[in-house]
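Right after this note come the structures.
Note that chain A is present in both complexes that follow, paired respectively with chain B and with chain C.
Right, the complex of A and B next:
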């Protein structure tokens, strides 16, 4: 079933949680609401579920083109999985899953045997059938999460809403559950909207990602689109680590940090710009090869992990983080204090005064804070 | 809960002598001021043998006092139960204007002397009170009658259940209730299937304390009762009257009933506490990955 919200606004006292937000989710889609805390993503999810009401003047909330704004949460037939699962602590796993069926009015309530069968089938689906008699307090985090999912699915919801579904789990369990949820989605073909602040989770799991910030939608697109064609500085900053520079754009030429190069296509005009380069988007050479490059000194090397991560400092005192393959790292035989030449492979530009300035500044301050913790080791 | 289970490390622990002095002091104090007086009640009550003891309990006025006390508790406790759950629910699960005022008001009976509580009702419903003339005209008697006693008792025992439930319900939050709603439960289904089972031990604890106070209240009831033998005397008031008449055996016989009520209350309270603690421990020792969430 498709979901659509149009021009939704929600305030709590003087705090604006959602500011004129519109969103369309196609039937059977798996959509992630991604953003930092306070961005309004959970509020939006709760509004879709019917756990919160929109402010007066907001547009409709449509389930399959039918306005459900006036319909109480218990009649909306949504499955909702809470961040901390909210399992009924005094009920067994079985009773938790059966709850949604047991509270139905007598005439639509399935028979005892039917409930039993249905619950067992669901527990099998979430691989918890051997734990039916346990209490929530006897389960691990990942197991609780799966019970919460089974409980939500028991009422045969038309949409499944998940609030930070993997937030409280450790990294390994998270990855497993992510894959499992993806498979489940393929199996049961229900529309799923989930909230997360983890960009990896959103990019890996979702068909489409809705990036939110300060109660507004920054960008909606496929994981590919939001990662490779970010619509705002905020999106660049939020989706993974990035190096930020202050630069100038002059008639198609870009100047920053002592480097002059052709501006990427679609960037005419002139003025102050901010330049974003991801750590893996640098080509590193030990000798200048003629291409416009940026001179820097290696300050720190961390070669443990999937990439070699380097921290460099430019002649102008700017910190740059660079990721490279181990092969390349060994080929260059880098050491602390080595002088290198950097060529950006892919850059993102945003003119000053464009949106997301606050987010940019926050990133900048964060970088400066980081820089203070590290002192250059080389000459 | 659970504080004091950890033993202080040797380096900062007190020497054995100090520990023993502290323990002996505490025990002596308890013995002198609690155990001995309690024992004295039973000794006095049984001074002239069990026969006299039973006779003084069988006396008509004593029986009337016991009946009235039970009646008062039977009205006050259920009313405060309903009020306590409603107030705790409202305070713990909703945000509304005047919430802090409500919390303060619930505590009022704790802050005010019981005698004042009684006087308030005399001022309201007494013959010279605000509503007195109107009540007299309708031939409704509140002060110096059973309704006054019940009202005063309700007032005094007002906070017990609400106070017990508010922190518990606040700690539990509203997520389980929300989950029940999303799953299609009606308001009553949510309350009886989710909320009530979660608070039942705390609720029982509050009821026990409330009941003990309702049966034992003296000050407030004394002011509104009028001390009419066989009609408006509760057990505590009856004890006082008998004592003032130098009828020590009868006084202590009735007092021994109240003392036994206290002992039963304490036992019940400990049992409930033990039950709650065990539940909490069971919850904590499970959950191998992350323990309890709340």
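Right, the complex of A and C next:
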């Protein structure tokens, strides 16, 4: 079941939660809505579910090309899993999962035996079959989450919508459930849209990531695309820690922090730019090797964890965070106060005041057209 | 048994507070009630039975318990609606309506009785129209029930309100997303969560109605066999210096209402066990 929303706007009083948002989710896809709180991601999810109505003038909400905007939540056949699970406290695990089947009108309600079998099967799927008689208050957070999922799946939803599914769980349980959800998705092949503010979760789990900010879509793409080809400064900033510099672009040459290098391809203009380099995208040398580099002094070293993390300061007083492998760290024998040369391996840059997403879209479409012209197999 | 009582708790002060609670309840509740029971024992068993089985007395029991039950039931239903509206919706004048709910608490009951009587009397503001329909309120059992409903309303509203406020609106949305109709959501999801509070509100409204005197005596007209409530008979006996007879009537009321409240408590525990079990 594919989902499409077109030009959706939603305001709460004077607060604009969603501003002209469009989105297409293919059938069977696993899509993450990623953004900070207040970005409108949960509102979008609730609009898809039918728990919230769009403002007048908004476009349609299509499920498999059928407009469901006027259809009530109970007839939309979506499975919705709430951030805080919203389990029925006075019902056992079994009764919670059976609820969606038991409230069906008599003529389409399965027999008691069929309901029992279906619920047992679902509880097995979420590995909760041995807890069928417990009450929600007797379960851990991760177990409640899985019951909530089984309950949503019981009505055989055409799409499954999850609001911050792992938000209230501790890091370890979260990782386990992530993997488990991925497997579940492969097993049951249902379209899943989930909301998260955790970029690791989105990048690890989703087929495609929708990055949202202040009620607008900043970028839609595969985890690879949004990470390696961010469409805007916001996306770069949101997808993990990054070093930012003020720089200048002049006829194909980029200047920042005392370093001059060729601008990355597709950046021909001139003017003030902001330069982004991720901590793991620096090559660190103790001697200049001819490549354009900037000089810095090591200020702090933290070698505990998967990488050695260094904090350096440039000649111009800018702080730079650098991650490197432990091997490389030992090879260089770095110490606090050591002078090093930094060579950026990968940089992202944005002209000041540029409209990130539009520019990105235009550039991408141009590239695709170019690629078609160049490709020998193309039309 | 001794072992259980001596079990130490990490929270200090159990012995002290339990001792205080027992002493306080004894002084305020148990001692006067015991005196009442003792007073009634000055009668012979036969005399006791004669008093409490007197047709005029049994008629008053029927009216007292019947009207109280009816009033408590009405309050449970409509108090629920009032609490629901106050918690779930925002409307101009909400604060005023909220304050209005407490009025029956604050008003001297005699004032309430006089006001209700003058409104519902055959020539009163409302009574005059009801009279045209052949419905008489003042000086009938219906009037007794009305006064009891008036004074019992705040109990149901105020017990339900905090529970309703705590009720997560997401569980209703969850029920709807699973295909439940509004009616199914209320019957299967909301009411079971509220059930203990509903019972408490009912019990309080019932107990209050049963003990009510001031407002009822004005609107009932106090006609023997028809509109006399049991508390009134007790007063009448006292005025005739028959305090043993008054105690006898009171003891029966006490026993009946205590067993009813106990029953409601047990029902409540039975219904709410699943939620508290850990």
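In the analysis below, the second predicted complex is superposed on the first by the 354 of 379 C-alpha atoms of A that agree within 3 Å, B and C clash if a C-alpha of one lies under 4 Å from a C-alpha of the other, contacts with A are read in each partner's own complex, and residues count from 1 in each chain.
In this text, contacts are C-beta pairs under 8 Å (C-beta built on N, C-alpha and C of every residue); 3 or more make two chains touch, one makes a residue touch a chain.
Predicted model, so just to flag it, every value in this text is computed and none were measured.
After aligning the two structures on chain A, examine chain B and chain C and state clash or fit.
Aligned through their shared chain, the two binders clash on chain A.
Once the structures are superposed on A, label A:241 by its partner contacts, choosing first (chain B), second (chain C), both or neither.
neither
Applying the document's definition of touch, where does A:138 land relative to chain B and chain C: first, second, both, or neither?
Touch partners of A:138: chain B and chain C.
Using the superposition on chain A described above, determine whether A:170 touches chain B (first), chain C (second), both, or neither.
A:170 sits against chain B, while chain C stays out of touch.
Of the partners chain B and chain C, which touch A:49 in the superposed model: first, second, both, neither?
Both partners, chain B and chain C.
Mind working out whether A:228 is in touch with chain B, chain C, both or neither, as first, second, both or neither?
After superposition on chain A, A:228 lies in contact with neither partner.
So which bits of chain A does chain B touch that chain C touches too?
49-51, 73-75, 77-80, 82, 84, 86-90, 99-100, 103-104, 135, 137-138, 151-152, 154-155
Give every residue of chain C touching chain A within the complex, in rising order.
Those residues of chain C that touch chain A are 168, 170-171, 173-181, 184, 188-189, 192-193, 274-275, 277-278.
Provide the residue numbers of chain B that touch chain A in the complex, in ascending order.
Counting only chain B, the residues touching chain A are 175-176, 178-186, 189, 193-194, 197-198, 282-283, 286-290, 292-294.
In their complex, what parts of chain A are in touch with chain C?
It is residues 49-51, 72-80, 82, 84, 86-90, 92, 99-100, 103-104, 135, 137-138, 151-152, 154-155 of chain A that touch chain C.
Mind listing the chain A positions that touch chain B in their complex?
49-51, 73-75, 77-80, 82, 84-90, 99-100, 103-104, 135, 137-142, 151-152, 154-155, 168-170, 173
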